[in-house]
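Look for chain A in each of the two complexes below; its partner is chain B in the first and chain C in the second.
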Partner chain A sequence: MSKVTLTIDGIQITVPKGTTVLEAAQQAGIFIPTFCHDPELSRPGACRICVVDIPGARNMPASCVTEAGEGMVVYTDTPAIIEARKTNLELLLANHPEDCLTCHKNGNCRLQDYAYYYGVRPGAFTGEKHDYPIEDDNPFIVRDMNKCILCSKCIRMCEEIQGNNAIDFSFRGFSAKVGPAMGTTLSDTEISNCVFCGNCIAVCPVGALTEKAMLGKARQWEVEKVTTTCPYCGVGCQYDLNVKDGKVIGVTSTDGDVNGRALCVKGRFGYGFIHHPDRLTTPLIKKDGAFVEASWDEAIGLVASKLGAAKDTYGPDAVALLSSARVTNEENYLMNKLARAVIGTNNIDHCARL
Partner chain B sequence: MTNSIGEIAEADFILAAGTNTFDAHPIIGIKIKKAVANGGTLAVIDPRLTDSAKLAQYHLQLKPGTDIALFNGLANVIIEEGLYNKQFVEERTEDFEAFKQTVAKYTPDYVSEITSVPADVIREVARGYAKAKNSTILYTMGITQHTCGTHNVFSTCNLAMLTGHIGKESSGVNPLRGQNNVQGACDMGALPVVFPAYQPVAVEANREKFAKFWNVEKMPDKPGLTVGEMIEAAGKSVKAMYILGENPVLSDPDANQVMHELKSLDFLVVQDIFLTETAQLADVVLPAASFAEKDGTFSNTERRVQLVRKAIEPIGDSKPDWEIICLVATAMGYPMSYDSPESIMNEVAKVTPSYGGISFDRLELCGLQWPCPTPDHPGTKFLHANKFVRGLGKFNPVEHIPPNEQPDAEYPMVLSTGRRRYHYHTGTMTQRTGALEVFYPEEYLEISCEDAGKLGINDGDKVKVTSRRGQVEVTAQISERVTPGLVFTSFQYPDVPINRVTNAARDPISKIPEYKVCAVKVEKVS
Partner chain C sequence: MKNLDQIREKYKEQYKEKIGKTRIVVGLGTCGIAAGGGKVMDAIKEIVAARGLDADIDFTSCIGMCYREPMVEIALAGAPSVIYGDIFADNVEALIESHIVNKTPLYELACFQIPGDATPYEGIDIMDKAPYYEKQIRSVTSRLGRINPESIVEYIATGGYEGIEKALQLDRMAVIEEVKKSGLRGRGGGGFSTGTKWSFVYGAQGDKKYAVCNADEGDPGAFMDRSVLEGDPHSILEGMMIAGYAIGADEGYIYCRAEYPIAIKRLNLAIAKAEEHGLLGDNILDSGFSFRIKIKAGAGAFVCGEETALLNSIEGLRGMPRVRPPYPAHKGLFGKPTVLNNVETYANVPFIIRNGADWYAAMGTEKSKGSKVFCLTGKVNNTGLIEVPMGITLRDIIFAIGGGIQNDRPFKAVQSGGPSGGCIPAEHLDTPIDYESLGEIGSMMGSGGLVCMDDTTCMVDVAKFFLNFTQLESCGKCTPCREGTKRMLEILQKICDGNGVIEDIDTLDRLCRVVTSSAMCGLGQTCANPISSTLRYFRDEYEAHIIDKRCPAGVCNALLVYTVLADKCTGCGACLRACPAGAITGEKKQPHKIDPAVCIKCGACIQKCKFDAIIKA
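On to the complex of A and B.
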């Protein structure tokens, strides 16, 4: 593969031909802000926050769609570039709700981060602001289009990764808005074709798309993320359990071997059972037809004596064990050991056929 | 799966049989959509117009229970038109002649009569599957949950071997498994006839090996009972049962009978995270920790072993299943204790050749696909590259067998059951999320417009579904997804325990029940 060598902010870097200036800068450890760019999605080059200065270029090119060239010289932080980015941010903030105090994405928002980094405050431009109703007519996703910066990552995620084409741009100019066809909401699934995978949320750089059940549960910096394997179907998606104060408060995407950032509705939004009040919290023993709470010692003692009695009286094959396709390998291994080594029967199976 | 999930996106031709992929395996659905977007051809074999069938270039909407005829028909065309892979058949397989003879009578016209799939479509799909560079077969319970389920799977294997579409990238026979760790439960020996890694209990050397390793005198040699057989034997030869994380009262066929049989046990212990319909019948209930409260591993449908990491402490006084099993074993006189699931996996690796190279340290970096026999083995992306496990791939010629129960004058319709996108298995978890059950609160019965008209049923009416075994009430939904004569619902709602209606007739080899076909009558509840 042919290579090109370019110089970015005085640093020389050699990259494969076809690499963009943005990717080359990232490889060189040089920061360039992005809103609409995502390495997994197509490149519209739309937001222009990633502009750079390339002497000889016609204007300030967007680095995400400019191919690195041999001998190219690039500057990422000239006064003109900084000014351009600041103006870009000022224009976005001119039509953005100033509610970082209560916004769920506070602390994990690119608009907020870049405004902080470049010292941009709201108020540079004044004019009309959107006043869209917040869409929360489903139990999964809240869409606040007042916060949308039209980066289109959600649209491309839905089209290019999820393949559902539930949302797109509608209207033009200042009225441009992301949503399902016919101005309906996601919950009108006959029209929207939305399956509530929430993969759009995973790429939203601002607070326009959020997980409904996570709102008000934790600030971004309070959350501990534990990467684990989804407990539903056999695909084995990886995701992050979001934990605060010993409670699971939500699920967010990670980069899974099988699924990347994509999840389905069950994986992303089906975690509520973990803390459901119906969870069993203590051993139960049935006495006179009704369950009464018992200690572990009492319950285990009873189980061991009853299984043992069946084995001793009728032989080991009078005992049967159903293991589970829901528990871990280690636990299935132990059930197989319990059946064969401890009880002495091959009567062990699970729900593989159901 | 013979192949990896990621390879599906690169397939040139996907033959998806009895898999409602977009609902049951949405992330695999993404890969199918990607393959189609890349120019691949999708052919879906399903009696229902599922979302994947809507996307497909070919929807082979066969009569329920006629899969073997259809697969034999595809093979017939491929052989007749000389499209089969002669080199592969010669070098890698055996018993081709017997197979050729069997499929000879399954001409497209004959198969069309049995299946209702037009003969031209059979021809086109056969040609497409045979000629594509990479063709892959995906299947799930739609073909396995029949009394001829094993033969249905044989017929997919026959087709793959006939065309040489196996043992290479994006080409193979791929069952998409339904539960997070159904692969792992099988791998770990939670089956009545095998030790971990499918080492048969019938082989004396295996029994000796495990007896020595587990430090007991001997291992039982009598094959064990499958789930359905256990329940049938309950109260008879089986006196006590230990059920871990299963809910047969809702998930097993002919559920009234299941309840009756479980009640006749001398002793039933159920270990679960909720007081399920099955747990309610127990003498002792042991509270287990959920996946979020423990460490361990799950093995996914592409044989990838991945870590499960503890995020929170067990709820209340519940304990992880592995700890509970150790307590029971120890109380029964066999001291069993491990300091962590990692130690258990270290033991698993010693006696499970395909997991020999798997350790938590390696899994911290990425998942590993078995076979992974040694610590330096990278894992196996696809199987059967140069050789089948048994050596030569064996053609298993199979004949069309009709379902166990056929519609008749009293029960004139076919009921098929399956899964919904918003719910999971018996709903124990998904009915308690605060989200999924809010969006999809009620189950319904899909019925065709024609049948609804004949029976005077409107959309949203309560109907009664009755079979020879039982009845349930459910809301009717007039749907284009089903053809006249077929009705469909899921088994995921405790309010609609449809398995009181389903047929417990089983495949004689795999013992899987015939959930996909039973004869019912549907009446409006006045």
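On to the complex of A and C.
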């Protein structure tokens, strides 16, 4: 593959042809802020926070969509670039609620981080602010479009990774807004086509999209992220259990080997069983018409003796085993061995085949 | 290869016969219809039928003198054509009586004449010598107002489709070279060399290529493209066909705004006629070249005039600009190499191929060749469509062609290039107009709108007007344009309301700089021009609004105070009766007074006062 060498802020770096200036800068350890850029998604070059100075270019090119060229000279922190970044941050803040104190994303928000980094305070521009109602008429996702900076990552996530096209831009200019067609809400699934996978939340750089059940449960820095594998199906998606004080308060995306940040509605939102009072935590054996707590040894012993008795009395084909998609391949394999080798029947099936 | 010789001869005969008869032609472009041309047409038909007159009745498009619409052309058999202006249903009978029945032109309403081979009438300007046309050249607009735009017979009889015929006999690269040599540059405002653009698409790899026409003319005060589309639709088709042949495209799209229904109707008719004549479709004139044209009507978004947003819109996507590169030349419509030109650019092409690059390059300046169509509007006496050589001065346009400023008021500024352009003050009236010079003085060629302003125009208010437009039309994709235009507009509004502070000028300055340099597409990169140019040339007006709380032009209502001049007031009471707010008091025959706390600044009193005794300042 051919390579190009360019100089960014005086640092010379050689990258494969086709690399963007942003990627080259990141490789060289040079910081460039981004809102709308995401390596997994298409590149709209829209937020303009990553603009850089390339002498000879007509304007300030967005580094996320500018290909590194041989001999190219790039400056990422000239006074004009800093002025443009600060002004664009001020413009975003001018139309953003100043409620970081109670915002769920406080401490994990790019707008907040960049404002801090560049010393930008709210109030540089006064004037109209959006006053949209907060959309929380579904059990999973809260959409606060007042906080949206229109980076469009959620739109692209939904279209390019999830494939549902539930949301897009509507209206123009200052009134532009992300939402389902016809001005409806996600809960109107006939129109929105939303499956509540929540992958939009995973890419939102600000507090516009949040997990409903996690609101008010923990500040970002109180949460311990425990990466684990989703137990729901055999795909093996990875995600982070968000744990506070030993309790799972929610699920967020991690960068899983098989799934990236994508999850389904069950994986992301179906964790309510973990601390549910009805959850079985020990085996139960029915004695005299009532379930009584038992030990595993006792329970397994009882099952083994009953299965053995059935096989002895009626033959191995009197027994059938049904396995589960929620267990791993290896466990399903063992179940198969139990049926065929131990019990001696081919009566084995699996819920995913039904 | 077949040629059109036979059919052209036949059509020339038909056309000659037609214009040799006594005929009445009504201008039915959008401007003519809006002024009442349709009613005039009905009246003419009625009068001719009732009187049993031997005269053909026909229609044409706008000849450019919008300020004299509705316009009617009358020619007696073998006599010069006389073009009349301000013809309405109530004076058309007198016109016909005079010119057709009594065979005497109605001199007081005659604008100019076109004698052809006939002896001119005395006392009526010949078109080329008429003040409005003397400094103009008619090339792209040569058929406007002269042929029936719905007739392919008249297009072919006047040299139409000679360009494509000639092009098809040339090597494809030779066609591109000819366009390059002519010096033609994009007439949509970008000013990029058309031939060079074509050569990029010619060289681009692709199993399919497209030629797209940008007819999404959206600047306030611009109607050049509409006039050409309505007046000479076949010339656009022919230009696109030549482009299609040159770059290797077999399909073309015209993206025309839906607000131009007459243009769309005439384009559809033209496409159908061209197909009937085998000029569009498979194997055109047995040359092996196939080309089809489709029309896509826009849905009313200004940003769709931006080329990549336009392509998205044709594809059925939301009209939002795409990142460039890749440029449309490499990845355009449906991802295929695409040449995208403006209406006027395409309309120039058949003339260039027919008359040769040298003919075209002889017009204009060193870097900007040929002619440019402008729309002259605003506070100028003669508003209308003009075609002038590149390099003409604004003074020639506004004073020689435009007849100066209305009511002899002083000229203050002219906005060129619509909302993306800038306000040019009097000190630059003698700048020869071309792409570079307009850029140097803080404006741009744009598509060709020229909005003239006099001393009663407030420059802060003008900047606010254009920002309001761009703010509403911003697509919302990029931060600086979406949020910046809104804040710039709010600051301008604040200044006009008398609430401005001196720091606002610096804030505006900074916003102009940041939005211009960091916005994504042409709309955002140019939307600050109306502010930066007025700040550059009329900073004192901003300061007057902010420091003195005064609007020097007397436009910004919040800053105006209505006062009665006691020495002029006769105490007639007309103002008192007219005031809807009850702000005026005074005894009869005694000077009246206006209570500024009650006054709603509607201006009703000034209109009623016969003694100029009320002033606003």
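As a convention for this text, the second predicted complex is superposed on the first by the 279 of 354 C-alpha atoms of A that agree within 3 Å, B and C clash if a C-alpha of one lies under 4 Å from a C-alpha of the other, contacts with A are read in each partner's own complex, and residues count from 1 in each chain.
Note that contacts are C-beta pairs under 8 Å (C-beta built on N, C-alpha and C of every residue); 3 or more make two chains touch, one makes a residue touch a chain.
Just so we're clear, the structure is a prediction, and the values are computed from it rather than from any experiment.
In the superposed model, A:2 lies in contact with neither chain B nor chain C. Of the two partner chains, chain C is the only one that A:94 touches; chain B does not reach it. Of the two partner chains placed by superposition, only chain C is touched by A:150; chain B is not. Applying the stated contact rule after C-alpha superposition, one finds that A:270 touches chain B and leaves chain C untouched. Touched residues of chain A, counted separately for chain B and chain C, are more numerous for B. In the superposition on chain A, A:343 makes contact with chain B only, while chain C stays out of contact range.
Once chain A of one complex is fitted onto chain A of the other, the partner contacts of A:12 are absent, as it touches neither chain B nor chain C. Residue overlap on chain A between its contacts with chain B in one complex and with chain C in the other: absent. Residues of chain A that touch chain B in their complex: 138-140, 161-163, 187, 195-197, 212-213, 224, 226-238, 241, 243, 246-248, 257-259, 262-266, 269-276, 278-286, 291, 294, 296, 299-304, 306-311, 313-314, 316-354. The touching residues of chain A, counted against chain C in their complex, run 43-49, 51, 59-60, 62, 65, 67, 80, 83-84, 87-88, 91-92, 94-95, 125-128, 149-150, 152, 168-169, 171-176. Within the complex, the chain C residues that touch chain A are 301, 303, 318, 320, 323, 325, 471-487, 490, 507, 510-511, 513-514, 516-520, 525.
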